[in-house]
Amino acid sequence: MVVGRVMRSLIVAPVMLAVAGAASIAAASGAAAQAYPSKPVRLVLPYSPGGIIDYVGRTVAQHLSTTLGQSVVAENRPGAGGITGTDTVARSAPDGYTIVIMDPAIVINPTLQPSMPYDLFKQLEVVSMISSSPEVVVVAPELPVKTMSELVAYAKANPGKLNFASAGIGTTPHLAGELFKQRTGVDATHVPYKSIGQSYPDMMSNKVQFAFSSIAGALPFTTDNRVRAIATTGLKRSEVYPDLQTVDESGLKGFEVDLWLGIFAPAGMPADVMSKLNEAMNKALKEPDLIKAFAKVGVTPRGTSPKDGAVFLKAEFDKWKKVIEDGKIKDN
Amino acid sequence: MEVFSNIALGFGVAATFQNILYCALGALLGTVVGVLPGIGPVTTVAMLLPISFTLEPTSALIMMAGIYYGAQYGGSTTAILINIPGEASSVITSLDGHKMARMGRAGPALGIAALGSFFAGCVATFVVSFGAPPLARMALQFGPAEYFSLMLCGLIAAIVLARGSIIKAIAMVVLGLLFGLAGSDVNSGIRRFTFGFQGLADGIEFVALSMAVYGIAEVAINLERKAGDVGVVGQVGRVFPSWADIRHCIPSVLRGTSLGSVLGVLPGGGALLASFAAYTLEKKVASHPRTFGEGDIRGVAAPESANNAGAQTSFIPMLTLGIPSNPTMALMIGALMVHGITPGPRVMTDRPDLFWGVVASMWIGNLMLVVLNLPMIGLWIRLVRMPYRMMFPAIVGFCCIGTYTINSNVTDVAVMAFFVVFGYLCLKLDCEPAPLILGFVLGPMMEEYLRRALLISRGDPMVFLSSPISVGFLVASALLLLVVAMPMIRARREEALAE
Amino acid sequence: MTIRAPKDFWSGLMFLTFAAVGLMAASGYSMGRGGRMGPGYFPLMLSIVLGVLGAILLLRSLVLTGEKVEPIQLRPLLTLVASVLIFGAMIPTLGLVISLSTVTLIAAFAGRDTRPKEAVMLSIVLTLLSVGIFVYALRLPLSVWPVF
């Protein structure tokens, strides 16, 4: 099948070339008049290929194409921790043909970065939240702790000895660690890596002792206990780790870190376009195939209305802003 | 022996009609994207990712692996023919490879690159079969301190690469390190050397730098020197390497293969270091090192074998530990997880068909690459006979598209323009770009490991002397430095005596 | 004072310039304290080393005799750089066809013996080929025609 597809595109290319000019002119002139969506929708993925966003984004694009009745094309626009891709969407026309999928970095960046090319709350709006997924707390196998409360006790007994890994400054694993330090008064050194995956060899050899990791990043190492998973960060238990307590259950009431994803569009879209897009999105999120595909990487679909999405966004913005300011994260 | 029954199992899986087809498709696609600028294995694998979800996981992985090592083959083709190394590991190949092409020996250069790679691929396949578990354990021994010492050793080796002035070579390495630091700093999140440009937030794009310095700056120099109706190559000699060529290269291929097999296992720069290290080693053991950089066929054979062996063994940490050595590997891990397979030590026992099937497919893929590439040589060398005045606008055009499409970032194109001027000056002033490139690629990693090591040791520099591996590399660095400095000191003394 | 080794002299000057830019930029970043090395430390050290090496080259060029720099011809270099910059300015809005044919056409005039008719032909062929390969076969996110 793949062979066919690739071969066909190789053979067809010259032919298509000949008609390309005519076709694209025709498409451009016809687009404006018809009802939305009359041409393909561009879904910008602001990270490099290969991560969760990429996978979830492509899955969403595929199902949204069906529910919207128009092809949705996923396109990677990586750079500057998601800012570059988000910025191109923030600057696009609010016509519903350019949308972006983003993670908590979209609310963290404005607080963390000294300058931003766009204003999150003025230039972008939520179409719908799409998913939610907890992080999992993993510890080095040599560390004699099996639960979250043991980790806190151990850390307090060994002040200044523990390191925790993250996927870089201001990433959710980093801020989750900071939140943990702030809630418990534990003293631990932050050791940033380029991605959480890179930290696992150092965790296996006990150079770093714990991390708040994405489930997808942790799975290869927790299934055979090369590192130990001790808790998940949702308010409900994770389906991937049903035996693990949540951090909330372990005593840190209300401690929640969510690696959510949402779809955003340039602000000022016509109301009918917004509602059509939101409906199609929520319909797609109920498809069994999509739910199954999400579950493989530990992600649960969660659709919202644009309004609820905006409320959630503001709450997340305030939550991480406080963690960043209390932890003086910008000062190093 | 169990290994043989495993290999037999692997060939049973890999030699099915379907898997051979995907293997061939991957290898072919890989070669194509390796030759074309602006699209590398990462992008290709990413584009095929959704399709791969519909395939059987073994077939999917076989195809992706084919793209990955096929691209290594393709990358050396452009490095040799038009001096555009698409990937860092081909930079070294262009040193002697392109010189050979200009001497009318593009055919033998391409031939030895293909044969050397094939040999290295075969050996590395066996290394993966026999040595995966112990090599994976070795990779786990490397913490931040060990990596830092390894990178330091690699940088000093880069100085040996230089043909001319040692001081200039060191300065170029240091300048490369500085260029490499541009962009967001992993440890603090601060953006360095971006001068306020949003487009530089992720640093200087490697492709923009290498295409500018090697591709376009070289064009500027060539246009000053020659008339436009001559090809890159004046005359074309033989199409295939002679027996004498091949015999001449055998020891180099062997050395390159062993270096590549070992270094390739280390995630983060291992495979790249392998090609540099192999070249350095050849230059050091050769009886007439002066021919290196002037179109010595061993200077093509060794790094090409090393980077292909490295590409193969970099699958070891991925398949046995679940640790990605590079972005392409990270994609493959993602693909496996979507199929419900968790990469890690259990893959070998839980899914032996997958593990051994992929290993066996590598051998088949390498065979196909040779079969595919050798006949192409005749076609390629006809291309370089094109009059230069038709050739160079094409080079410039492809460099532009290549650089832009990497990130769809206009800043990258502007950066390329800057480095054209810089590269031109370097060529005029006899400052060689190869050490700069190595510094550029290793710089950010080196700083990252240095700071991480010190962070974990709470600032105690003794951490670099606390493990035998790290000490070993530091000692090797010191020895290398001595080897480099000796001839210089001797020359100075002779000069002084002469006056 | 005479420059005896022009190649060394100018490369020394080049390295010194980069070292100066590096020093200026690095001094704006934190040096860090204790075990936590700041973002400014490594670039500062590198800039200093680069500066020292540049200075050695520069001073040495006044003493030891070395090679002359071949004369710089501005036409090829500037034409090539201009063509690249123009491509960068055009590609985001004007699409691949216009940008690529322009860049190859301008670049063609970097050579001495350019034949205009041939250059036009070449630029057309290259553009057609590239649109076919990059846009239709590889499906890279490039627009073919201008977008407004």
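The letters A, B and C name the chains in turn, as written, and every chain counts its residues from 1.
As a convention for this text, a contact is a pair of C-beta atoms (placed from the backbone, for glycine too) under 8 Å apart; a residue touches a chain by one contact, two chains touch by 3 or more.
Note that the coordinates shown come from a computational prediction; the quantities given were computed from them, not determined experimentally.
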Centroid-based (C-alpha) most distant chain relative to chain B: A
Dominant interface by contact count, named by its two chains: B-C
Centroid distance [mean C-alpha coordinates] between chain C and chain B, Å: 22
Centre distance in Å when chain A and chain C are each reduced to the mean of their C-alpha atoms: 36
Chain centre separation (chain A, chain B; CA means) in Å: 32
Chain C residues counted as touching two or more neighbouring chains: 30, 36, 38, 133, 139, 141
Overlap residues in chain A, where contacts from two or more other chains coincide: 332
Junction residues of chain B - those touching two or more other chains: 43, 187-188, 408, 455, 458
Chain B to chain A touching residues, read off their complex: 21-22, 25, 29, 42-43, 45-46, 48-51, 54-55, 63, 139-140, 142-144, 184, 186-189, 198-199, 201-202, 267-268, 321-324, 327, 330-331, 333-334, 337-338, 340, 342-346, 407-409, 448, 452, 455-456, 458
Contacting residues of chain B [partner chain C, same complex]: 33, 36, 38-39, 43, 47, 165, 167-168, 170-171, 174-175, 177-178, 181, 185, 187-188, 190, 192-193, 195, 216, 219-220, 223-224, 227-229, 388-390, 392-394, 396-401, 404-405, 408, 410, 413-414, 416-417, 420-421, 424-425, 428-431, 447, 450-451, 454-455, 457-460
Touching residues (chain side chain C, partner chain B) in the complex: 7-8, 10-11, 14-15, 18, 22, 25-26, 29-30, 34-39, 42-43, 46-47, 49-50, 53-54, 56-57, 60, 67, 69-70, 72-73, 76-77, 80-81, 83-85, 87-89, 91-92, 96, 99-100, 103-105, 107-108, 110-115, 118-119, 122-123, 126, 130, 133-134, 138-142
Residue ranges of chain A in contact with chain B within the complex: 1-3, 5-6, 48-51, 54-55, 58, 62, 76-81, 83-84, 87, 112, 117, 163, 168-170, 189, 191-195, 197-198, 200-202, 204-205, 207-208, 216, 219-221, 223-224, 226, 293, 296-297, 332
